[in-house]
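Presented below are the structures under discussion, each in the form of structure tokens.
Note that subunit A is present in both complexes that follow, paired respectively with subunit B and with subunit C.
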Partner chain A sequence: MAPLKLAATAFRGSIIFLGLVFFALPVYAASVFAFENSEGQYTLDPLRNASANQELMQSLSLTLQISIGTVFLTLLLLVPTVAYLHLVIPGARAWVEFLTLTPLVIPPIVQGVGFLYSMPVWLKATPNALIFAYTILALPFSYRAIDAAFSAIDAKTLYDAARSLGAKFSYAIRKALIPNVMTGILSAVFLTIALVLGEFAYASLLLWDTFPTVLAVAGMSNASTAVALSVVSLLGVWLILSGISGLGRRKYRKIEIGA
Partner chain B sequence: MSKVILRNISKNYGETIALSGMNIEINEGELVSLLGPSGCGKTTALKIVSGLTKADSGQVYFDSTDVTELAPAKRDIGMVFQAYSLFPNMTARENVEFGLHTRGLSGSDIKLRTKEIFEVIDLSSQVDRYPHQLSGGQQQRIALARAIVVRPRILLLDEPLSALDAQVRVQLRDEIRKVQKEFGITTLFVTHDQEEAMTISDRVGVMNQGQLIQFGSPKSIYEKPANATIAKFIGVMNEVPALVVDTHLEVFGVKLQIAEGSTFDSNQVKVMALIRPEEIKLVSKENADFSGLILDISFLGPISNLKISGPNSIELKCSVSSHEINHFKVGDSIGLKIASPTVLAVTK
Partner chain C sequence: MKKLVGYLGLAPLISFMAIFLGLPLIAILRFSFLNSENQFTLNNFVTISSGIYREAFWLSFQLSFTSAVISLLFGFLFSYSISTSQFAPLKRAVATASGVLANTGGVPLAFMFIAVLGSYGMLTTWLKNVGVEIYGGSWTLYSFSGLLIVYLYFQVPLMVLISLPLFENIRSEWRDAATSLGASTVDYWRKILIPILTPQLLGFFLLLFANSFAAYATAAALTSGSLALVPVQIASLIGSNVQVDGVNTAMALGLGMVLLVGISTVGYAILEKRSSQWRR
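Right, the complex of A and B next:
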């Protein structure tokens, strides 16, 4: 191997190693803190304690329900919108992209108060209000994931090809477009779930006991349980995200091996 | 297969006129190319035939049926696009079967037709491959198979060869023609490559600025271009200074007839004559109309292209058969003659 190539490989390797250390070290430290008992042995007691905590389990169940609602609303809103933008009015994409960025620049307290004022009472009185709030909060991530997937496939040509072959609108979308943007859709789904599982400000402002708010309270009395749950949820989300990136490649890899 | 008629088709994009009152008739089983520079409206015309774009005014007929308002899915067309348009989530076989499924064919018919078409395009070994595992040429051949397998009334080809390298382009061009003839499908082919249009087509429509300016056989368009724009667009042209004398044209002292389609003011005396390179012949000096000096010789196999310094040091391009110039070399003086009795004249 040429010295220059060797140096480049070593440089790339060291960057990847530093990156891994940067992400893995805090998780390792948190795991040690959460799962190591006073005798220096590892134990799953913090997780057992958590599962025995009714309030924590109820909040987890509520958060998962809100996640499902948020994912459903996000996909209902974004998939047709992004498809329409790519197929009919591509010129408007820049404007919509700008709009989806607003949740990042408007402070959560302003958004939270805005929601409180703008929502009807029947909705405000239920935790479902958070579904609408989280859908908007997740827009910068979910929109980008779906938009990037549509951009990668030349959606307009595929759609026109399907129509020229006799496919009606719904068949063309279902067979020729959606399967090709599925990785983007799944990314949007799991990014949204990840956001809901970790969101604290809105839930706290709107006075709902979701998993992150209860976890924060639990952390004040039993820090190791709170940290153990944080580590488990972090690893869970990481596994899900790894699954998504693997999913897109699996089918093609299988064919290449068989070819 | 059907006859296609476009009657008075117009289409604007905002202030831009894409098509202006276009009329064309494509006969059953005929391959017609629409040829023109980028932005001349040829793709818009094709998309209006397909139904993917709606005309602002005018009618589209397939035989005697007015299909102007019909959705693309109901027009019974096959289409091959410029960009690779195979569905990435489907294998080559699934791509080809797509149109057969939308038409509700039985499983056995789908299997039979798919097998046949893969044999025709000679890609039976690639049926289970995904588009990303195929070369650009293979992808376009499968796109062609996908368009033809449904036995469409009309086949529409939107610059299907432009993304391919030169060798594959020629192969696929010949394949398109072979398959089109074999199935006898009425075909509209859009291209900006004049060589492609001339070799593949029964008739060529030359377009410019949203209008069909000439429609005829490749030979008639090459030999009798309707105007100077077409003459210069199709093939290579020498532009040489000429004088209008009475009703004739004087080029290097040679009297020639003015061709129909010439564009210059009636009071103009000094014009430019347009002469094809193959219309300038090498002759012996005794029979020559004028003489020239060979500046360069490009050998292209059966023919050779010469660059010649003519009278008044005007540079001329000349195409001759290679055996004619065996005993000539750069720097030699040669006798020349304009073979065509009629030439196009344009404003200087």
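Right, the complex of A and C next:
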């Protein structure tokens, strides 16, 4: 039995090793490729080149503008709707959740083509059209994040308690509900930003120069700048996602202290 | 009546979805049954079931199927090994890394792989130094197998991400019960674990397949359209607009994608729901 067990452990060990190499190698190789010059010295030149590239910086600011718009629209649409669902018609939650998952079934490139041929020209004439498209694309993730937060706190009881203690409707929402679902709201915000920062299909179909589409073109002419920006955006996604899990932990700690 | 009034609160969300998801979907449906003069025709479906479009579906299918099988197997082994290891920080680190990598995809991923396996990539150079010239023959990163390797870089993390919870739900009582009834490790896997896990793994396969089939950015940025997957063909039909009924053909291709991705995703949801009875 012992040799068999040893073989199993060795097998598991080599799988873990292989997996870690597979995960780490591209990140390592890309960092070296981007931030090492021909003499083997560490350099930030590719990022300096990028910040001097006006087209690239404009695309970045456009993408940031679109992501802010998308976040606002998402929250405006979802926070009242989810609160309403939990407080007034909890029976409808299951099928609304199902409905919000439908964007996953339609590939972004197909949504983009349909959008291009169904939206009025005045809307497509501004890059803000992407805000509406990205709100839809983010919906499966943003809705679930906010819905999960409302489910975790038993929103209805909390709201009823606030009202029975004399709080007015808006006060109960602002002071009792919103602070308790803040982590869910922030997760939705982060997930939405991560999606907008990387979205390519819609932007390239609608011919807007967002960060990903400009990056794709820049890669053809200047590889080290493109690789450097890719590493930076990977880092960005990592920061955003660890922000989300950090939120989860902070909330957990707060409950522990309170209890 | 009162119930109906209650549903009015959903009007903003529902109308938003009807406009920005419903109308595009209706456009896809409508245009794929029309020619460029807006007359009804089934011709677009004849067009997409032959020649380069049929090849595009076959190529997308091969890429998605292969990447789904490999990532299913390797991701399963990897998450199994990780979750049985005694080292908890490793598990947390892998879970976080998988989350990041599964979400990266797109354009950055393509460029990162140019740094690994491009003609001046790190791995290319290492292999050259030990005498393996991967660019000696006809292989390039921009070929089918090259793109497959890049796809694995978001497919395997996705599989790890969705399968890690699987092993937390395997209760040690199952193994104890089996062992006390005289089952060996092989019996335990063959008679208990595999029957329990099979529907769920099948669901994961469908999700991975759909994820790969729907992906566009990586292929577009890496191969600049030389590898004619279905999404690449759609984008080039819309972008060039030189072909007769080009837009309508693109819409029909899109409808085909929706069917394939839709069936896979719904299949995943059904299997996931069925196997959730084991997770309590």
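Simple rule for what comes next: the second predicted complex is superposed on the first by the 213 of 259 C-alpha atoms of A that agree within 3 Å, B and C clash if a C-alpha of one lies under 4 Å from a C-alpha of the other, contacts with A are read in each partner's own complex, and residues count from 1 in each chain.
Criterion: a contact is a pair of C-beta atoms (placed from the backbone, for glycine too) under 8 Å apart; a residue touches a chain by one contact, two chains touch by 3 or more.
None of these values were measured; they are calculated from a predicted model.
Q: Based on the superposed arrangement around subunit A, label subunit B with subunit C as either clash or fit.
A: Superposition result for subunit B and subunit C: fit.
Q: Quick one: is A:V237 in contact with subunit B, with subunit C, with both, or with neither? Answer first, second, both or neither.
A: After superposing on A, A:V237 lies in contact with subunit C but is clear of subunit B.
Q: Going by the touch definition up top, name the partner, subunit B or subunit C, that contacts more of subunit A.
A: Touching more of subunit A: C.
Q: With the two structures laid over each other on chain A, which partner does A:T157 touch: subunit B (first), subunit C (second), both, or neither?
A: A:T157: touches subunit B, not subunit C.
Q: What is the contact status of A:N37 with respect to subunit B (first) and subunit C (second): first, second, both, or neither?
A: Touch status of A:N37: no partner.
Q: Is A:Y117 contacted by the first partner subunit B, the second partner subunit C, both or neither?
A: A:Y117 contacts subunit C only, not subunit B.
Q: A:S51 in the overlay: touching subunit B, subunit C, both, or neither? Say first, second, both or neither.
A: neither
Q: How far apart, in Å, are the nearest Cα atoms of subunit B and subunit C after the overlay?
A: Subunit B and subunit C, overlaid via chain A, are at closest 10 Å apart by C-alpha.
Q: Okay, in this complex, where on subunit B does subunit A touch?
A: Touch residues, subunit B against subunit A: 50-52, 71-74, 76-79, 81, 83, 85, 87-89, 98-99, 102-103, 128-130, 132-133, 143, 146-147, 150, 156.
Q: Quick check on the complex: what are the subunit A residues that touch subunit B?
A: Against subunit B, subunit A makes touches at 153-154, 157-158, 160-168, 171, 175-176, 179-180, 252, 255-256, 259.
Q: Which subunit C residues qualify as touching subunit A in the complex?
A: 6-7, 9-10, 12-14, 16-17, 20-21, 23-28, 31, 74, 77-78, 80-82, 84-85, 90, 94, 96-97, 99-101, 103-116, 118, 121-123, 152-153, 156-157, 160, 213-214, 216-217, 220-221, 224, 231, 234-235, 238-239, 247, 250-251, 254-255, 257-258, 261-262, 265-266, 269
Q: Considering the complex alone, what residue numbers of subunit A touch subunit C?
A: Result: residues 12-13, 15-16, 18-20, 22-23, 25-30, 32-34, 77-78, 80-81, 84-85, 88-89, 92, 96, 99-111, 113-119, 132-133, 135-136, 139, 194, 198-201, 204-205, 212, 215-216, 219-220, 223, 226-227, 229-231, 233-234, 237-238, 241-242, 245 of subunit A touch subunit C.
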